[in-house]
Amino acid sequence: MTRFSPSLIIRHFILMIGAAVVLAPFVVMLSYSLKSPAEIERGTGGLFGAQEMMVDPKCALRNAPRRGDIETARTRFPDRDDSTIQTLLTEEANAACEVRPVVFNYRSAFQDAPLLRYLLNGVIVTASIFLLQVLIALPAAYALSKLKFWGREAVFGLVLFCLLIPVHAIALPLYLGLAKIGLTNTYAALVVPWIVSAFGIFLMRQFFMTVPDDLVDAARMDGMTEFAIVWRVMLPTAVPALLAFAIFSVVAHWNDYFWPRIVVTGDRSLFTPPLGLREFQAGADGNLYGPMMATATVIVIPLIVAFMLAQRRFIEGITLSGMK
Amino acid sequence: MATVTLRGIRKNFKETEVLRGIDLAIADGEFVSLVGPSGCGKSTLLRIIAGLESASGGSIEIGGAPVDRLRAADRNLSMVFQSYALYPHLTVAENIAVPLRMRQLNTAQRLPLIGRAVPGARERGREIDARVLEAAKTLEIDQLLDRKPGQLSGGQRQRVALGRALVRAPAAFLLDEPLSNLDAKLRVHTRTEIAELHRRLAATFIYVTHDQVEAMTMSSRIAVMMSGEILQCDAPTRIYEDPNDLRVAEFIGSPRINVLPAESDSSGRISVLGKGLPLALHEGRQTLQLALRPEALSLTHHTPLLQGRVVHAENLGHEVFVQISLDGAEQRVVLRTDPAMQAQLHLGAKVGLTFDPNRALIFDAKGQRQRNLLRALQEIPA
Amino acid sequence: MATVTLRGIRKNFKETEVLRGIDLAIADGEFVSLVGPSGCGKSTLLRIIAGLESASGGSIEIGGAPVDRLRAADRNLSMVFQSYALYPHLTVAENIAVPLRMRQLNTAQRLPLIGRAVPGARERGREIDARVLEAAKTLEIDQLLDRKPGQLSGGQRQRVALGRALVRAPAAFLLDEPLSNLDAKLRVHTRTEIAELHRRLAATFIYVTHDQVEAMTMSSRIAVMMSGEILQCDAPTRIYEDPNDLRVAEFIGSPRINVLPAESDSSGRISVLGKGLPLALHEGRQTLQLALRPEALSLTHHTPLLQGRVVHAENLGHEVFVQISLDGAEQRVVLRTDPAMQAQLHLGAKVGLTFDPNRALIFDAKGQRQRNLLRALQEIPA
Amino acid sequence: QDDTITIDFVYPYSSLFDVTYEAIMPAFKAAHPNININIRASYEEYEDASNTILREAVSGNLPDVTMQGLNRQQILVDRGIAQSLEPFIAKEADFQKDGYHEAMLSLSTFGGEVYGLPFSVSLPVGYYNMDLLKSAGVETLPTTWDEVVQTCQTLKASGSDNPIYWDWAITGNWFFQALMWTQGVAPVEGNHINMDTPEALKTLETIKKIVDGCEMKNLSSDEANSAFAAGDLPMMFTSTSNVGRMLTIKDDFDFVTGAYPGIDGQPAGLPAGGNAAVMTSTSDDPAVRDAAWQWLKFITSGEGAAEVARTTGYMPPNRAANDLILADFYEQNPQKATAVKQLPLLRDWQAYPGDNGLAITQVIYDGLERIVTGDAQDMEDLQQELSEEIEDLMPHS
Amino acid sequence: MSVADLPSSAAMRRATADPDRRQASAGWLMSAPALALMLTILIAPVLLALMLSFTDYSLGNPSFNWVGWDNYERIFTRSTYTKMLSATFTYVITVVPLSVGLGLGAALLIQSLTRGAAIYKAVYFLPVMATLLAMTIVWQLMLHPSIGVINRGLEGLCAMPFTRGLLSLSFLGLSPEATWFGRVCTEGAPLWLGDRDYAIWVVCFIGIWQGFGFNMVLYLAGLTGVSRELYAAAEMDGARSYWERFRLVTWPALGPTTVFVVTITCIRAFQAFDTVEALFSPGGGPGKSVYVMMFAIYEKGVTQNLMGIGAAITVLFLIFVMILTLIQHWITERKVHYT
């Protein structure tokens, strides 16, 4: 009965207020990705920026007249002194470097940092991590929830313990270990440390616990091996949980800034998307917020698309309705 | 097609003893029904045979070989679960196909998309589809093959569960109340199909049911379980007509068997409610219990053995159960009779009852059947 | 304690039409059983009455007031779900107590720990505990009050579900196959308890079952549903003896009613398998169907109306169903007879059958009952 | 192409220096066609540069040439990661002629040996929004901190509630060291940190004076920069390296830089910020090492170095570049000239000795923060506490 | 009867153990890869950290000395230690309940909608998906004391007499100093990140903002497993209000999810780092008010290159979080019912 009720309006109202708070930074992010550096730093320009032509600072620096340029330009400006010529040339150079802020921001994002390459790396790395995680976590989660074996509690305890271990604390030993086997600056270095996900094991175990034992037994009677049960029975019934895990894993590693920064010290072509941000970071010497926000916007878009696709499955849901 | 032998199977859930030493030898191709009150351990026993639960004691042999160390999948059994246990994410057709696919396709052939391309997969797949369709037709669920379990009615789900078990030919079938949610017509139909299958495959069946008609009509033998033990395992008519134990007699047969207090005098002569019967025991002076099936009682006008008043009547259409409160006793007895008689048997009517002493079953105070009866004692003076 | 009136209830699941206009008026205190083949929409109808599912059309009144816009909780009904639907985290006692706690305690009194301290909560709580214990005793699950549903057998779970419905006194009870997982003994017992409750509360019951004995013995009326319609709703004996529709006749009664092809000649005289019967219709020259309950057939040696050969016999202990393959027809008929007769009726035996023409039910080719019969036509020459 | 030599090179602050190296690269290619410079992924900032190098040293993955913060060279020298440049310098016939400032070279001289060649150098300067100052009636730039405080009072009197930002939080205790050098005292002498000296007390008190006298808010550097660019902040004291950026983002007001104020009169010295090129090559191949040296030398001298000034707010490390190549540059860019004028004051930006050097930096940072947030009121107590804590962290052997 | 129909003879030969033993070996086999990887990737470094915590190792040094309990002693004798604990606990105690509660609330509200659910889901999940580093920078810009949108907004509200009166409750006759908003209008908008009274709450807020969407997704996944039949049963039992049905069906059914969500949120809260690093590096916020444990570990172990002390804090951190998680897990797990 989808009637138009006050409670429905209240619910929408609450959700909309929440959405406004949640969205505010994104609006700002998007807005900054449209503005010129001056507008950002000075907090002007409204939502979309004035979109007045601005001078691309790097381009201007690159084209700034040098001594030689002044010499050659002397013929063009016969009776001016050097400094006037320089001013004129600088103005010319600046004029050649004029761009709209929005163009500047997004162009910088893709040019100064090879963002497309980074996005591709992101896809490769997150997909490999997720697949390997599932491959390892699912059987373990199944064993921990549905198989009785001596030491199960201990293994589960270990999983819980591993959940507690912060990556920041073990980053250095891990880095050194990878260096020892010569894996730094490779895709493997980005993937290997994550292939066992205590989080994934724990999450899937919690959901497997809710699958009725009879279903597992039925599968055993049908001739499935324990491994087959994991992939053919547990996995499909736990699709929502798996999606939650997929989202978690992909989001975490897509956005991971810390680990790639540690482990990829040489090769820029191994960078993952967030490292594109550092291209525009200069600490106290001035961050280029516009391109940075443009990069951040670009980085998050694939995730939003993926999430929208994935959430259909959430709506369907697998209710365990084959049971009495 | 194999024998199933249980020796001293015991099972505890923590402190509660659910099975207390089950011994049962099932011959190859036999159809054994397990009946017993709710909670007596039928499902547990089935699960132990299937290898899904480990027994706390005892051993199991299938086809003569011990299977205690064999996993469920390797025991080559089919099972219908009381709770259906359908795969919620698979359609009806896929649910039924699972046991075939698992056993007839190899790993490569089972792969989701590419599997069909593997040599031999296509033919096997078609074979499986055909078998699934056949099973579904038998169970009248061929219209539903594309539905998911969540979209089915209770009885339809149960039939899918049944289909999944019947689609292949294992060493033995274990069926746990497979027809409980079906209507009478379909139940009779399915019963016939199962009986047919049993004949055709000559497979061993272990069948849990609480439906006596099922148990009586389908079984080679019925095993009556109570509080974790098998009280009697015998052919249906033996169980009905010749129970070893009062509990069996009471459990089997609906309406319930009538039990009347009886006793034997010093000579062993048995009397019920003060009336001597032409029956005697070798030992005398016992408190006894005399049990009579409702159909063993008949109405009579002259020299009734028992007298009473009609207190309740249930008309099932083809027969009427009449409850009669006996004079001089607390018991009521139930009489099975024709609907045509109902006019005579209005509430409150006084009736006289008699019975053939040979159809009376005598049990001692503990419920043990007393078989050493001396009969034809008409000449013994009343 | 209320009337329940359904008018033109329809229900579609996407394209499939599950209910196609159900009209049913249930009087206050009536006990109506819904029977029908699996998947015919019984559970759906019950859920619509309960307010759990919205109808695609039609209206419902309870106690004379329309309830279409009332939510399930406000309709004051009790329901047993076919799938039990027990709260997995609550013990048996708590499960049964839920409806009482929900309705008799206010929000404060229901609070987990402090609730007991709220004025009045303690007495109410004790009262509830007592009622729960009583219900559990009736259903013989008082030993299990502290268990969680996961630790119960199928039948035990079902009894908990029943207990939860029976523990309070609503306007009407909706029971969806509440006894399907119980053994015969317990089933009879519980049936009696439900009948007793019905008498005591004089409450309205709507009872879905596939067990004909239940339907026949407990109901004031039986409604036979098929493919989303009610074919007939009448007193049990009427349904059994005087069905309107061949489908009803076939559905009710086990073993199934025997149907034989018949026809009427130009004068309206009816004959079956070439034998004229002392029955006639007003209109002549029709293809007809003659239906006979198994108990309407009897064995005879002289002038048998039908002849055939015994092909199968099922012994239920108290009676035997004998399948006879008729000479000159494909049909088999089933005969209900005494176990004592079985010796005579060995497989292959030739038998002659007869029946009382007055017990024969005549249906036209479409299955509609033909009631306008001219009888006692013995004088019509054969 | 067999004789092409590739050397690995890394630098921090890519958004700042990318364009610099882009500008340098063609000239270098022309001069050394057989040397290929492989630019690795850049460091974020000096801390990151230092940590990464240490990690890479342990994992055996060092670049050949790296740019490191001036105060981060010490640790690399101590751990034997940075290599002495003396052998290469010795081989150069006319090294002096290339114009390396003696003062600047000393920034990278440890134990008498040169370990790095400074590349971009910065000094603290004052940033002023002349429009705001003038509207409050201030015409002359303050030259001492007392005058700064007075200016604050004037500004506040005319309604400014946020008159100053003094970039105390800048990395490596730069501003603390600035006030020490102002008084002519080195923050570190040998194995001792001069926290327990009267000059240190004076330093702390001066900071407190600025904070209290100006009611300075506890902004971050970024926030202060934005506020200044937006025209909300009349005075800001920070590194000259921000000038370039400020010029591009500032609102339409008159932006002037002024000499860093002293305590009484002109400062006696100021610490140099910025970075130096350090050789960290682990290669045994003399050709590689020589190529690395060529690169190192190229970027720190002549046209190469000139690009630093042209493209950033930093000064080039090289007299030749400053005096000759860029002579008229500073006329065009007066805001960038201030630091150059302060060149004679150039002093070491010192690292604290021992493994705990960075921890000591943090201790002093925390101390300064306590002044800024108003936590610490009594400077003598604070000095006492800091001295003890530092003493505790000093190497004891 | 064919032999093939019997339990296969191959199976017989494979039958080395009874079902229990077999299950045990399957269990071990299936957890073995995870176990082995956990031991090498996670546990080994932790053991290394344990070892290092008794040394004065510093990256790049050729050797190290055993210093016994010195590192631990140092941690406990420094005043920053209490600041570290208080910042960590403030963060955990604020963020865990709020982000779990908001996650659950959002999930329930969204689930009850027939229309628009997808949009809300995506919106609430946005913060989880966005790169935290970038978003922290956005927050930093928004929280800028003079040009940030937040303070500009506050100033805007102050400038309008109506909103100023409304929000500062001065229409109730309260003095401007009596309410937070009143003080903002008279004394100027807060410094947010530079003010010790605000910094930790800002970090908490960002933590909640960023994290509750994930809890929402987990709860949504959990909600798909709640049997509809049970809602029907509850409705029949007279659970009239939403709250009653929630108590009777939803909440117990969400038990496993809640165990998970609380455990994870708790652990993640203890591991809060990125925001602090991005906003308050170096130092850990005004007066070290945001000096959370993970930041301390990172500062000591990585930034300051004192691996010994960093390792010691790591060990303490693990012991600490382990005890708390065990207690928490023990409590919740006992109350939870699976199927």
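For this structure, a couple of remarks:
In order of appearance the chains are A, B, C, D and E, and numbering begins at 1 in each one.
Quick note on the criterion: a contact is a pair of C-beta atoms (placed from the backbone, for glycine too) under 8 Å apart; a residue touches a chain by one contact, two chains touch by 3 or more.
On a predicted model such as this, the values are computed, not experimentally measured, just so you know.
A simple rule picks the central chain: find each chain's mean C-alpha point, then take the one closest to the mean of all protein C-alpha atoms, which gives E. Most remote from chain C, judged by the distance between CA-atom centroids, is D.
Chain centres here are Cα means. That of chain A falls 62 Å from that of chain B.
Separating the CA-averaged centres of chain A and chain C is a span of 61 Å. Averaged C-alpha coordinates give centres for chain A and chain D that are 34 Å from one another. Our note on geometry: chain A versus chain E, Cα centroid distance of 18 Å, whole angstroms. Multi-chain contact residues of chain A, defined as those touching 2 or more other chains: 40-43, 172, 212, 287, 318-321, 323-324. In chain B, the positions touching at least two other chains are 51-52, 71-72, 82-83, 154. Under the contact definition stated at the top, the residues of chain E that touch 2 or more other chains are 20, 59, 141, 144, 146-147, 227, 229, 302, 339. Listed in rising order, the residues of chain C touching chain B in the complex are 13, 35-39, 42-44, 82-83, 151-156, 159, 176-177, 180-188, 210-213, 216-217, 236-237, 239-241, 250-256, 293-295, 314-319, 321, 336, 338-339. Across the interface of their complex, chain A is touched by residues 20, 23-28, 30-31, 33-35, 37-38, 41-46, 48-49, 59, 102, 106, 109-110, 112-114, 116-118, 120-135, 137-139, 141-142, 144, 146-149, 152, 209, 213-214, 217-218, 220-225, 227-229, 256-257, 259-260, 263-264, 267, 270-271, 273-274, 294, 297-298, 301-302, 307, 310, 314, 317-318, 321-322, 325-326, 329, 338-339 of chain E.
The residues of chain A lying in touch with chain D in their complex are 37-38, 40-44, 55, 57-58, 61-62, 64, 66-67, 82-83, 86-87, 112, 172, 175-176, 178-180, 184-185, 261-262, 264-268, 271, 275, 278-288.
Note for the complex: chain E touches chain D at residues 56, 58-61, 80, 140-141, 144-147, 188, 191, 193-196, 282-283, 286-288, 299-300, 302-306. The touching residues of chain C, when paired with chain E in their complex, are 47, 50-52, 71-74, 77-79, 81, 83, 85-90, 98-99, 102-103, 107, 148, 150, 164.
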